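Pasting the structures in now, so scroll down.
Same chain, two partners: chain A is paired with chain B first, then with chain C.
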Partner chain A sequence: MVRDSFIKSLIEIVGESHVECSEAGLMAYSFDATPNFQSKPDVVVSPANTEEISQIVKLCEKHQVPIVPRGSGTNLAAGTTPTQGGVVILFNRLDQIIEIDEENLTITVQPGVITKTICDTVEAKGLFYPPDPSSMKISTIGGNINENSGGLRGLKYGVTKDYILALEVVLPNGEVIRTGGKLAKDVAGYDLTKLLVGSEGTLGIVTEATLKLIPKPETKQTLLAIYESIDQASQTVSSIIANKMTPATLEFMDQPTIHAVEEYSHLGLPTQAEAVLLIEQDGPHSVVSEDIEQIALLCRKEGAIDVKIANTEEEANRLREGRRAALSAIARLSPTTILEDATVPRSEIAPMVRQINRIAEKYNVRIATFGHAGDGNLHPTCMTDARNQEEMERVEKAFEEIFAYAIEFGGTITGEHGVGEMKSPYLAWKVGDAGLEIMKNIKAAFDPHNIMNPRKMFAKETRKRIAL
Partner chain B sequence: MVRDSFIKSLIEIVGESHVECSEAGLMAYSFDATPNFQSKPDVVVSPANTEEISQIVKLCEKHQVPIVPRGSGTNLAAGTTPTQGGVVILFNRLDQIIEIDEENLTITVQPGVITKTICDTVEAKGLFYPPDPSSMKISTIGGNINENSGGLRGLKYGVTKDYILALEVVLPNGEVIRTGGKLAKDVAGYDLTKLLVGSEGTLGIVTEATLKLIPKPETKQTLLAIYESIDQASQTVSSIIANKMTPATLEFMDQPTIHAVEEYSHLGLPTQAEAVLLIEQDGPHSVVSEDIEQIALLCRKEGAIDVKIANTEEEANRLREGRRAALSAIARLSPTTILEDATVPRSEIAPMVRQINRIAEKYNVRIATFGHAGDGNLHPTCMTDARNQEEMERVEKAFEEIFAYAIEFGGTITGEHGVGEMKSPYLAWKVGDAGLEIMKNIKAAFDPHNIMNPRKMFAKETRKRIAL
Partner chain C sequence: MSTIQKDFEERIEENELLNCMRCGFCLPACPTYIETKSEIHSPRGRIALMKAVRDGDIDSYEQVEESLNVCLGCRACEPACPAGVNYGHMLEEARAIFQEHNKPSIKEKTVRKTVFKQLFPNQKRMEQATSLLSFYQKSGLQKTSRKLGILKLFPKHMQQMEKALPQVSKAERSADTVFKAEGDTKATVAMFRGCLMDTMFHETNQSTIKLLNKAGCDVVVPNTQNCCGALHGHSGEKEGALDLAKKNIQAFEDVECDYIITNAGGCGAFLHDYHYLLRHDSIWSERAKEFVDKIVDFSSILIKLGFIDQHNLQVSPQYVTYQDSCHLRNVMGVYKEPRALIQAVQGGSLVEMEKADSCCGSAGIYNITQPDMSMQILDHKMKHVEKTYAQTIITSNPGCLIQMRLGIEREGKSDSMRAVHLADYLLEALVN
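Presenting the complex of A and B:
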């Protein structure tokens, strides 16, 4: 618990109306989108600018009070839960687009801007910000930066990190630094920009970011292919790549997902389907139509029982609807939905999905898998009930085995959600003891008093979902 | 000086024939491509594998002997000179391509492989490794990784860092870690891969790397535009970007460079030309011919006095010849050539070139500027004589002022060459005192005994070129 004098100091910095201490207010920021991780903060503040954030950080450092920076709280790995109490910092008052630079193709924003607002704003000018996490309608760019968010366009366009050119950051000692610039090339010292992106709020607080933009693709076309076998779908992915094409979207749904989607949306997907691929290509008109035609041929050649090509934007939306509805369709089937993101090299998707299905059966848990086939980023999603302790133990064991297989296949425990508190017990599996050691040293180099989002990324103990 | 017993231990690790202690041998590795920085190592070793490197590092850590990893020594910022003596590690025995994975579009290589060998090998399979530093015919991929090398294709395709997916690294304590994977998405912990790329050998020794490949562009077309004013050339660059095109190459030469090239190569460049742009586009046939046509129109519209489009590969080679010959043409005009790489946002190229010319006049030094106009990465190149102490002092002052202007324009002290020892006195200008402090903390987090390429990046004193 923080003292009253600490709260008083916070009020002096940001003003009384921007400090929240009520029970209801603290409750609202005690959880994020991760089931079963809840922990109340001591206080929630909404600073107005970098200077106020710097003062808050200095105050917290002096009193060794934990700080949890929080965007819209869509985190799926308990990355924004105030596990150790302390101060939750909100960015709702830092929500301005500062500049669009059409000559250097950059946009400079405050961390509280909603991701989709950025996309819409630049597209109106014929420009394009590619990273499109599924949460983009509500997530903030600050959250995306802290988590290095991915999205559907990752295969062709990369992830958030690939588009962050410069940052303003408040360090854990309260000092403000600026990294990078409106520069495609900059090798002056260690790359703090790329180190900070994806550091989950454990190294500093992002207060401003300059993002790289590219010209908006001329057009986009959409295709849906339905398969009776996962291997045929997976073989199609390989064939597309082998034929030197890089689709803008290459999404996958397995049978349990298709069933859930069909029950929910009645799109007419055949029940015998074992896999669906949603494929989109964007770019110049001539290239897109040629690629889509060739991709349709490859789908059929690899054994697709149906290939639908959208001729209008309405048809395209209808084809996308199934994949878009996947999480909602699955979520309505059980009280608790756990969305994971074990990721493997593209070539290992079929064997990985088979392992996931085998593991689900072994532990008698319900798992549907969908995700980004083009980049091997799968979302095995468990339908369960957090109140059922016995089942949750089986869920935990199933995911443990899924993570182990992901690593065995040359993959990782998290492709785009982050480690947070939830996956911290597994981080050493991916990076090794020596890797974990060096990461802890980096953390200490930035934050010797461990005030920035403590207990995230690095497990203090092996607490997992079940050990609440 | 290291002791005989230390040399004996090295011989036990790598074998006598792979330890070099002769005066001539040490002399050969006492310098890199940076004028005026020379310093003899104590010993040069050529290990055969990761295990031997790990043993060498452990030995050096025990005796606190500096280690300088060295590829082909093409470094331009005194990044591979053994400033503090110690052991130079060569990678000539780690020169194997380990695997080409056509399904996941990756190539895995040892650090001693020549960059161009990688490009040629994958192009033969219809694949493409885009980073193309000018030194690619002799530089090693290990050197490129340590320096995060750029190249001519940076605007469209990015730099080395954008293509490094995974590393095997020997840490300064001798432990071996593996970072990343054949993965487009991986957010498990801090991004050690991107931190190590460009860390100039100060954090660890790269012993293996997995590189991302993309499909090889179908075709490429080349255009040369000649201008009587720098502003018109610069305006053309802006117009191309404003018209949503991203050329594969967008190179610039100023008047002194054109003069030097013309004297050397007799390409028929008009002597009144103040600027030349070499522009290339690659991609699908239809896109390339349309883009090149539109770019030619823009060049003329902005005032180009001549626009040449190559119709054959021979013609393209002829158009490229001037830019390719730039450094050689300049280098023959004086005993010492100092090639710099101050970099600015693309929009600031014209004002920056004007400042460079003004500064050259002010200090009465000869500077020709060429470089990558698309990404603002300029190469102001000074023709001087290192034996003339008084002139070198003026050269130093001129570059100091150039760096200061680069930063004033929102740029950086180095776009693709690295900080090394040479630019270490200027690093704080770019990253600030707080930024420098955090970088020093990161260095200490990896290398507490400061054995890995010491005195690089971080200046111990303000030693510069002149203070030998």
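Presenting the complex of A and C:
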């Protein structure tokens, strides 16, 4: 618990109306989108600028009070749940687009700008910011930077880290640094920009960012392919890439997902189908239509029982509907929905999905898998009930085994959601003990008093590795 | 355990609360979150607060109640929710619980008693009050009190001024009557006239009936029907709502019809919820279901019967924009039909405003109970309206219509802009 004098000091920095410590106010910031994690902060503040943030950080350092920077709280790994109490810093007053530089193709923004606002603003100027996490309608760019968020366009365009050129950051001692610049080339020292992207608020507070933009693709076309065997779908993904094509979207749904979607939105998907691929290509007209035609041929060649190409935007929307409804369809089936993001090299999708389905059966839990087939980023999604202790234990065991297999296949425990507190016991499985040690040392170098989002990324104890 | 917590435990289903994944997809759809950028005023924040009350994790009930009171109840969060959480139902139940436990101030009691027990359930009093409004509008009082807003003045002074008002002549009332279809009868429909619609917007009801006749409907207007109870339900006056629901179900059971028509999104959605409202009543829930299955908005039926193919619709050249009725859109799922009707009118060019699907801040009696937030939302709404250069704002609910007129007044645009109900606009287009 923080003292009243601490709250008074915060009020002096940001003003009374920007400090929230009512019981309801703290309850409303006691969670993010992670099931089963909830804990109230001591106070919530909305600073107006970098200077105020620097002062808040200095105050927290002095009193050893934890800081949790929070965008819109859509985190799925308890990265923004204030489990150690302390100060939640909001960026709702730092929500301005500072500059669009059409000569250097950059946009400079404050951390509280909504991702979709950035996309819409630059697209109106014929430019493109590709990272598109599913929460983009409400996620903030600051949150995306701290989580290194991915999205549907990852295969062709990469993820958030590929578009961050420069940052302004308040360090845990209150100092303000600027990293990078509007530069394609910059090798002056360690790449702090890349280090800070994806650091989950454990190293500092991002207060400004310059993002790289690219020209907006001329057009886009959509195709849906249905398979009776998951191997054929997986083989299609490999063939497309082997044929030197990189689709803008290459999404996948497995049989349990197809069942759920069909039950929910009655799109006429055959429920005997083991897999559905949603494929989109963007770029110049001539390239797009040629690619889509060739992809359709490959789908059929690999054994797709049905291939639909959209001729209009309306038809494209209909084809996208199934994949778009996947989470809704699954979430409605149970009180608790746990959305994971085990990721494997794309060549391993079929064996991985088979393992997931086998594991679900073994532990008698319901898991449906969909995700980004193009980059191997799967979302095994568990339908369960957090009140059922015994089932939750089985769910945890199932996910442990899924993580272990993902690593076995050359993959990772998290492709885009982050480690947070939820997956911190498994981090060493992926990075190794020595890897974890060096990460801890980096953390200590930045934040010797461990005030920045404590207990995130690094668990008290690593989970005992399971034998496969 | 407090009695409030006990009531939450008994009346707000745990499964429904747990259904909320807290994913945050509701945030961009929520007008009060957009205005405040605070989770206290977001749907998932309010659900977390309701859950905290139920679980005994919070003591400051007045803070929870305040959060629920700031909610517009527009239910825009429901279509945005991946998990299909029935937010509106939980909200109304929670408000009802707080209302039952409250000792309201004498002033609030008076207003509530006047509005919910004397005014809305009583069609004759509604007529007198309506005359009050028309007196107020015509007397010049309106201009001098523009800053106060029509409705802010209206209820406060209702009791005193009611006595001084002339009565609306009975001839203007729509009695238990049948209005025959023009040409062959394609459907028989019963009209839910609504208390506000039947008084303040009497003409709109007449327009709606004419349109329905032209589309081939025999229209019956049952005389024993009542106020739908929406304003009661949204304000925690649950008993009053239940009573009105039963009266209405009875009234429409006595009429043979294919559909029950509404022309007010707010009423339609509440009628639609009768089945939920009466779910614990074994006899009434069946009757409610039959009633609910027949409810449709007039715009849906016009589209269904091919009205736009049978008639030439024309207005003088103008830009028009459409403000969705939240409950028509979010609860009844009707948003394409009004637009299709508007687009069928020659001369009127539909320019969609940004966030047409977001609440205007009217929200039942919200603009009376939460005037600051309501006006903040309205002023932002008017900015979006201005960008369309529309001369005509079309809506499909009386609350929205009053609010949009208030918006026009506040912007000082009453010379160049108007707000009309869809039915009146269509009839205008038909007559031209």
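Convention: the second predicted complex is superposed on the first by the 460 of 468 C-alpha atoms of A that agree within 3 Å, B and C clash if a C-alpha of one lies under 4 Å from a C-alpha of the other, contacts with A are read in each partner's own complex, and residues count from 1 in each chain.
One rule holds for everything that comes next: a contact is a pair of C-beta atoms (placed from the backbone, for glycine too) under 8 Å apart; a residue touches a chain by one contact, two chains touch by 3 or more.
Keep in mind the model is a prediction, meaning the values are calculated, not measured.
Touch criterion not met for A:I7: it reaches neither chain B nor chain C.
In the superposition on chain A, A:N92 contacts chain C only, with no contact to chain B.
Using the contact criterion defined above for the overlaid structures, shared-chain residue A:A404 touches neither chain B nor chain C, since it reaches no partner. When both complexes are overlaid on chain A, the residue A:P335 reaches chain C alone and has no touch with chain B.
Contacts of A:C21 after superposition on the shared chain: neither chain B nor chain C is touched. In the superposition on chain A, A:I138 contacts chain C only, with no contact to chain B.
By the touch criterion defined above, A:G432 reaches chain B but does not reach chain C. In the superposition on chain A, none of the residues of chain A is touched both by chain B in one structure and by chain C in the other. Listed in rising order, the residues of chain A touching chain C in the complex are 20, 22-25, 27-33, 35, 72-74, 90, 92, 95, 114, 135, 137-138, 327-328, 331-332, 335-337, 385-387. By the touch rule above, chain C contacts chain A in their complex via residues 15, 18-19, 21-25, 27-28, 37-40, 42, 45, 48-49, 52, 57-60, 63-64, 66-67, 82-84. The part of chain B that touches chain A in the complex is made up of residues 101-105, 126, 147-148, 150, 154-155, 158-159, 161-162, 171, 175-179, 181-192, 194-195, 197-199, 214-216, 238, 241-242, 244-246, 284, 286-287, 290, 343-347, 372, 374-377, 410-419, 423, 427, 430-432, 434-436, 438-439, 441-446, 457.
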